[in-house]
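Note that chain A is present in both complexes that follow, paired respectively with chain B and with chain C.
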Partner chain A sequence: MMSGRALVSRFAALLACVGLLLIWQFAALMLDTDSFPTPWEAIRAIPSILGDKESLINILASLRRMAIGFGVAVAVSIPLGLMMGRSRAVASFFNPLLMVTYPVPKAALMPIIMLWLGVGDLAKMLVIFLGVSLPVIFHSFEGAKAIEEKMLWSGAAMGLSAAQRMLRIVLPAALPEILTGCRTGLVLALITMVTSEMIARQSGAGNILFNAMDMGQYDTVYAMIIIIGAMGIGLDAAFERLRARLVKWSEPGFDIPLSFA
Partner chain B sequence: MKAVPVPSRSNVEANAAPVRKPVAAMIEIDQVSQVFRTSGRQDHLALSEISLTIGDGAFVSVLGPSGCGKSTLLYIVGGFVSPTSGVAKMKGKPITGPGPDRGPVFQEFALFPWKSVLGNVMYGPRQQGVKATEAEAQSRVLIEMVGLKGYEHFYPKELSGGMKQRVALARTLAYHPAVLLMDEPFGALDAHTRTRLQNDLLNIWERDRKTVLFVTHSVDEAVYLSDKVVVMTRSPGRIKEIVDIDLPRPRRRQELLLDPRYQKYVVDIERMIDDTSEEALRP
Partner chain C sequence: MSARAVWTDILLGIVPIALLVGLWQAIASFGYAPPALLPPPGVVFMRLAHQLTTGTFQGDIAATLFRLFAGFSIAVILGVSIGLAAAASPGINAVVRPIVRVLAPLPKVALYPALLLLLGFGHESKITLVAADALFPILLATYYGATMVEQKLIWSAMAAGTPRRQILFKVVLPAAVPSILTGCRIGLVISCIVVFLAEMITSTDGLGHELVAAARTFRAVDMFVPLITISLLGLILNGLLQGLRSYLLRGFPEV
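Now for the complex of A and B:
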């Protein structure tokens, strides 16, 4: 027999979702305009989007761009961040560049990039690449910087060369921090993906959303928001499972879900 | 003239075997000084013209107040830090960098947190090209020797400080260094754990009598473990005195604590350190 408190903490997430839907439903009924459908109307539109071949192709194209942009960004950013963390010269060369690019919204570069590369896949993948790179570089940098010097000395005493120390000590030791950066990067990839498709409207999930908006199909607009949100939650959860497996050695020895009971 | 033989694998192994060719001086430190350049402030002279010879198989402690440069001296012998002037030699050859002939054990343990106890101990032998099965067998023996049988598959974060330091010792012994460099290895441990590790270290050392350079700020620890105690002064770090500890081995802690000779060494050395700190206070 569960106590009331345990029941609440067990079903907290579900309660929060139901609560949000109730508020949405209530607000939609109160406002009673065409541009704000009730949650039921929005949810009802989801199967017709996912059942439509063209929409599916669009969404898959979005995911493909996102995967390539994210993959290339991670492959470039991790080595760069690690080298910055271990070499003062490399860090002082790249730091100013990153400081300047950090606060610039990557979507704001989209018009310029479209001028160079057109409105196709390449421009969008480049924006995603830029959006993902910074958090991954930053966290790899911090992770590599925080490594205890004596750990590297121990490796050197065993005969590891500088390159081997980088690959076999710095990389695994910084992995928890690197993966934290990748997780942020993954969510940013999704955000930049949708934004890029809103600006360069040619295909993709963001394009479906804005086309529906133009045509006044507000249930489809909200349904797309739900679909994109669900993709984000799904990707994040999958990545979190992968992360927990890769760095289980660094997790604290207990496993208690957040609760203040 | 005959060419100097290049040390081959078999030579190295011969050194690790119980019957060793005695080398008069394992480590020679010759006029070593270390200056740390600090931004803004005056340059800091950490070590001033240190000369010290450590014989093969000797257990030598370097004792001094914090900030006397004793750890820096150990890092120079390890090849982790280059001296500003002077030279440190290992078996007659100048030390230019770290190498598996000198195995460090640090106060901070510096274990590889992503490797299990077994993975940490096997790391050195594997790096040296020992086959996985053989490296594992050797490592299991060492893990048992340091009293951690049954913990082979634990990660460092799951171990206490004393256990971590046992793993660090086993990890270093695993690649058969000719010299152990111990940098305040028991400094972060509680008194009880510290005593147990000192006893275990002595037992292990008395089996194969490796050369040990041991840095500490504990007078009891230095006298209990060492053949020779190097007492240092602070700012700049200089050798004040080298005391030969002429106490019988194997040493047993309880007997030693009651031994008036042991007590006299401790009191004499404590006086030396008191003198040096007064000197340091003088303007």
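Now for the complex of A and C:
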């Protein structure tokens, strides 16, 4: 019984995928319109997209922009968030600014940034950077704020300098929370990537998706949706693996990401 | 926290925003950027004040707010009920959990073309997208809030004679409210972002459409106006939610 159950829970996500595809299949058969193909037709269009050299380069370019934007954002946001969590002055300095910029859709800055930087990679990476930084800053902030003061006192008593305390005590203690933020940021990076390419129609996965939409190639539209969705799920699962390894010691908190936008 | 500390906080917080506006003004007035690329802040805020009095811009704000609220409300209703149901019944949990696991990390904006094809270019597709995006944070926050309810509270309620069916609404739901409200706050920010994006992609009205229309004709001033408006709307809505939170949680120990 137990092994059967473990097996089911192991493949539950896969079953869910199959279930969703079945629902899609039924809906497509019921509606029976050109603009809503069955999942099988969409899946069949995937190899021709991935096999096409140009679209493959486009998709890889998208991923590269996303990786750079995400990496830079994480590298900047974690130290900032940790400092905000440990110093009241830093927190009250940055908090209102972040509050004001939070509800602004970062991809909506795209047209303005394009005026300054052109339609190239830089504008898109900057937008991804902006989109990823906020959740990472907020989670690092919360994580650093929640640290027990006693640990820091003991560290200080044992002669650690402020910088060492930050690196040796605050960073590891806040790590689970930081990684939750990074996970949200990862999903956000993907979303911002798609939207930025949709606004600056030049290259990338978002461009393929919306061009196919404009040209009425509906099976390509749905195939791209599947590809982008699979990227999201795949990246998220990979990150969850990494997270589980890094913070084996911590209580599993939210085991499903609070995905943004 | 003393009143003085609060004032120091507020003053410190104004500094970076003032610096940013100052830098903006400096770049514009010293001629580093032509006004066509970066109009001076004074011009932008004057334009915003002027626009807020015109009927078309008010109509745009109304359209955006309508879509935002419609989507957000659907997300709250579905999210709270599915979250509670999943926390209460193991059977529902077994079905909901893997589906959420697959759908939560999916970039919903990629579904927008499909929604457009299925639901048309009107309100429906945008509202659905907003609801789909805001749903998951609310659902997950509700679920975790409801599963974290202290068992003792449920036992006490049962000992006091509360029927099993009512425990969900009389004990679990109120105890999960702080967590639900946190989820709603994230959902609200997301709704602001998504409604704007959806309007940017295809729309004939709304703040997002204003931005795109301005970008197409290179009216830089008008590009900043909707962005500032959505930021202000987000702040106001967040403030309202915060007010609702402190009203709903007036009996809770710490908020």
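Throughout what follows, the second predicted complex is superposed on the first by the 236 of 261 C-alpha atoms of A that agree within 3 Å, B and C clash if a C-alpha of one lies under 4 Å from a C-alpha of the other, contacts with A are read in each partner's own complex, and residues count from 1 in each chain.
Convention: contacts are C-beta pairs under 8 Å (C-beta built on N, C-alpha and C of every residue); 3 or more make two chains touch, one makes a residue touch a chain.
Source: prediction; values computed, not measured.
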Does chain B (first) or chain C (second) touch A:Lys150, or do both, or does neither? first
When the two structures are overlaid on chain A, which partner does A:Ile169 contact: first (chain B), second (chain C), both, or neither? first
Pick one for A:Pro47: touches chain B only (first), chain C only (second), both, or neither. neither
Applying the document's definition of touching, compare chain B and chain C: which contacts more of chain A? C
Looking at the overlay, what does A:Leu160 touch: chain B (first), chain C (second), both, or neither? first
Report for A:Leu190: first if it touches chain B alone, second if chain C alone, otherwise both or neither. second
Which of chain B and chain C A:Gly120 touches, first, second, both or neither: neither
Could you tell me which stretches of chain A are touched by chain B in one complex and by chain C in the other? none
Residues of chain A touching chain B in their complex? 148, 150-151, 153-154, 156-160, 169, 172-173, 175, 247, 249-250, 252-253
Where on chain C is chain A touching in the complex? 8-10, 12-17, 20, 33, 37-38, 94, 97-111, 113-114, 116-118, 133, 136-137, 140-141, 144, 183, 186, 189-190, 192-194, 196-197, 200-201, 208, 211-212, 214-215, 218, 220, 223-224, 226-227, 230-231, 233-235, 237-238
Hey, which residues of chain B end up touching chain A in the complex? 78-80, 97-100, 102-104, 106, 108, 110-115, 123-124, 127-128, 155, 157-158, 171-172, 175, 177
Within their complex, state which residues of chain A touch chain C. 12-13, 15-17, 19-20, 31, 35-36, 88-89, 92-97, 99-109, 111-112, 115-116, 187, 190-191, 194-195, 198-199, 209-210, 213, 218, 221-222, 224-225, 228-229, 232-233, 235-236, 254, 256-261
